[in-house]
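For clarity, chains are labelled A, B and C in written order, and residue numbers in each chain start from 1.
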Amino acid sequence: MRKYFEIKNLSVGFNTFEGIRPVLNIEELAIDRGETFGLVGESGAGKTVLALTILGLLPKPAGMIHSGEIWFDGEDLTKKSEREMANHYRGSRISMIFQDPMSTLNPVFTVGHQITRVIEKQQGLKGEACEKRVLEMLDVVRLSDAQNMIKKYPHELSGGQRQRVIIAIALSCGAEFLIADEPTRNLDVTIQAGILKLIGDLQKEFNISVLFIANNMGLVNVVCRNVGVLYKGKMVEKGTSVEVIHNAKHPYTQTLISAIPRDKSEKLKFASVAIKPEAEHGCPYYARCVLAEDQCTQHVPMLEAVHGDHEVACFLADRSNL
Amino acid sequence: MRWFFDFIKTLQPGIRELRMSFYLLNRNRLQRFSLIIIIALVLVAIFAPVIAPYPSHAISATNPDDKLLAPSAKYLFGTDELGRDLFSRVIYGTRISLQTALIAVGLAMLVGVPLGAIAGGLGGVADEIIMRITDVFLSFPPLLLAIAIAAFLGPNLENAMLSIVISWWPWYTRIIRGQAVSIRERQFVRAARSIGTPVHRIIFNHILPNAFAPVIVQASMDIGGVILTIASLSFLGLGAQPPTPEWGLLISTSRTYFLNAWWYSTFPGLAIFITVLVFNLIGDGIREVLDPRTRKF
Amino acid sequence: MKKFILRRLLLGIFVLLGVTLITFFLTRVVPSDPAAKWVGPRATPEQIAQATIELGLDKPLYIQFQKYLGDLLQGNLGYSLRTRRPIMQDLKENLPATIELVFISTIAAVFIGIPLGVISAKRKNQMVDHISRLFSVGVVSLPTFWVGLILQLIFFRILGIFPLGGQLSTQIKISMDIPNITGFLMFDSLITGNFKIFFNALWHIVLPGITIGLFPVGLVARMTRSALLEILSEDYITAARSYGLNERVVLWSYALKNSIGSTSTVVALSIGYTLVNTFLTEAIFSWPGIGSYIATAVIGLDYPAIMGVTIFSAFSYVLLNLVADIIIAMDPRVRA
């Protein structure tokens, strides 16, 4: 019985000059209808690649899905043609909030024009009704002075304003599945809270599922029921956010949690850069792991249940109680 | 004298990249083909006297009984109105075209590059002055200035070459200056300046090696352009003069006869076309390889 | 925005001044006998002496330049040695025919070249792309004058379906009244309902039109393709696609609008090339425009005429680039 959204054994790589570079290797990721799933990982872990892969927007010919399935509402997205994705999924059923609003807003069109286009396409509104909706959306993301805002060009707005425009555009799609790629990155804390609440509200009202991508655990804890930790393209820990945060088993997860500003007396016992050479056939985290042992260099650990839904990919999971 | 060797040293990283680029170039079929044709053309130009079955001009070339003959085994491209073998004339024309193009482009670079390096490297007043002068020269439609200069200097091949150099140098200045300005603002140059490195050293050691790639691209595309320009000038009567077997001139002379002697216009034109084409293709290839953004990874 | 236009205008004026200086240099300073060049090879010594005084050649350079500049600003380009008329008048007469050709090549460049470049970029490395690229690079490698000759050879000599040259058949020129309202033959014949003339003119413009139009199409297609390739790899295109926007919209609106800068630049450049290619094309097709005017002038060593056309073309080109730069300034990023 498939879940609403399920990734199985997804392997994605980039074709570079020097050969194929593996970028994603996710055994399993499942999201229910109306659920918010948090994906945490540092820069370069492959979070945005995952988002693009789901939408079928990997740069061609460099990016390639080597194997795996992405199940969405009973259909395997990896098997869909470009046209099917464009007409039936992108925007209409799955939409994305992008990470960097400066590069993802078209510099030669006004902000108003860009939102209008999307509303026209996805909500089928025209003319006055459309204009009204544009202003509504800008209001929803707390952009003041919307009337003037719509005549401005992206470079005329501040970073925070651009971010909110991007969120407004993505929400204008009215999709049932939202991928939010670090949506609150450049926003100050109060607005951050507002956006998170907004997503939460939308979720409850329209039963939207959200894949919430972030690079710090604290954020994820607030909105997400379940959370997964991504390291170098591999899911190393998974479970409910409560469980993972209070009972993290993977060494990497623990470094992320210790990074949540809490008690300054906690000393960092982890390495944030490589302290030994990589293990080619072993655990991807080996180079930074302070606990690593020989067996970590020989096999790649797979996700194994530790406690109910809580899964970890580490040979030393039961011992890491730092 | 030492600055000359310094200059050569600064080109070294560029030359290494060039060699790697040639290797990469060879992987594409079309580029490889073009490279072969270019080498063939160069060989034809160098060994013209050996390859051409007949002399190209002077009395000895004319055969009054064989005027305007269609191509045959004896005269591969046919003959012209004086009975000269067109094939030999076209072969000698290769020499002229390649020679003048290389010299013209070389001289234009020699003038344009240092000016651009100075403008970009020094900035300030020197930059303004040089760039305004460049603007003025570049505001002439391509070829027009060459026509005017050639007309007033007197129509012959050397003046045509000179007029091309005068029209073309600003392109290089602009390219190098643009590169220089962006390089100048980079960290390592700022660092060099902060420790008091003299300007000329900055220009030579830092700016030039990094700025050279686009110049090479431009130059390779320009060789084709210059060949066309020289042919056009000669066609108008402003370049090579009879009896020089320059391709453009051949076509110009052919106008009187070509409706009944199709070979007379066709073969020289084909020669121009193929030569310019392969240089343009190689230029494309070099640009694809050297431009870091369009590289295949 | 206004400040930008003002600055650009000032630059334009400065450039025009520079152009004038260069042409002045060419006509008065460079030749060993500028007066003789002004009055022609068959002038008597008295005529040369008179020209020397007229041109102020005995006066210091800066006064000469003042006079030169003054003449130019009044529209006095001198007298053609061949037609013995003011060059300005000759140019006015010959201009419309050339503009017809330039017009055709610009239309071709914009409406064939740009779409070709866009489609080529979108379907990169597919068959369409390869053919289009080969076509583009081939076409810019062709010598314009040769194309004209070959077209004449094939379509006139061998196939006999198009005329050898000229704007109208001699028959028509002799037997019919040619309307002359704006000076543009095709336009005039159209608005006076003179369809026989119109179609005859149309028939005559085909070969020269193709000759002059090929290069701009290739040039613009190439540039547009490379500009589009860069744009299509930008994040905002991916984002637009993610919102489910129609690919046609993404390509022809979202992507293309970002290329206005480079597109106008290359169209202006192609017009510049066209201006000079008309010299070659008109000579071949006996097309009564500025091109044949200067081609004849070159052969006859009609220096005043040569310079007149040069100055005129240079000025037009500067103006053209000014317009192009202003269009580029419409890119909102530039205005910032």
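The definition used in the following text is that a residue touches a chain if its C-beta (ideal position, glycine included) is under 8 Å from a C-beta of that chain, and two chains touch if they have at least 3 such contacts.
Computed from a predicted structure; not experimentally measured.
When chain centres are defined as mean Cα coordinates, A lies farthest from chain B. Across all inter-chain contacts, the pair with the most C-beta pairs is B-C. Our note on geometry: chain A versus chain C, Cα centroid distance of 54 Å, whole angstroms.
Work out the mean CA point of chain A and of chain B, and you get 53 Å between them. Chain B and chain C have Cα centroids lying 23 Å from one another.
Taken in their complex, chain A has these residues touching chain C: 52, 55, 57, 59, 86-87, 89-92, 95-96, 98, 100, 103-109, 117-118, 121-122, 153, 155-156, 166, 169-170, 173.
Across the complex, chain B is touched by residues 11, 14-15, 18-19, 21-23, 26-27, 30-31, 37, 137-138, 140-146, 149-150, 152-153, 156-157, 226, 229-230, 269, 272-273, 275-276, 279-280, 283-284, 294-295, 298-299, 301, 303, 306-307, 310, 313-314, 317-318, 321 of chain C. In the complex of the two chains, the chain B residues touching chain C come out as 132-133, 135-137, 139-145, 147-149, 151-153, 224, 228, 231-232, 235-238, 248, 251-252, 254-255, 258-259, 262, 265-266, 269, 272-273, 276-277, 280-281, 284, 293-294. Contact residues on chain C toward chain A in their complex (touch as defined above): 233-236, 238-247, 249, 254, 257-258, 260, 331-333, 336.
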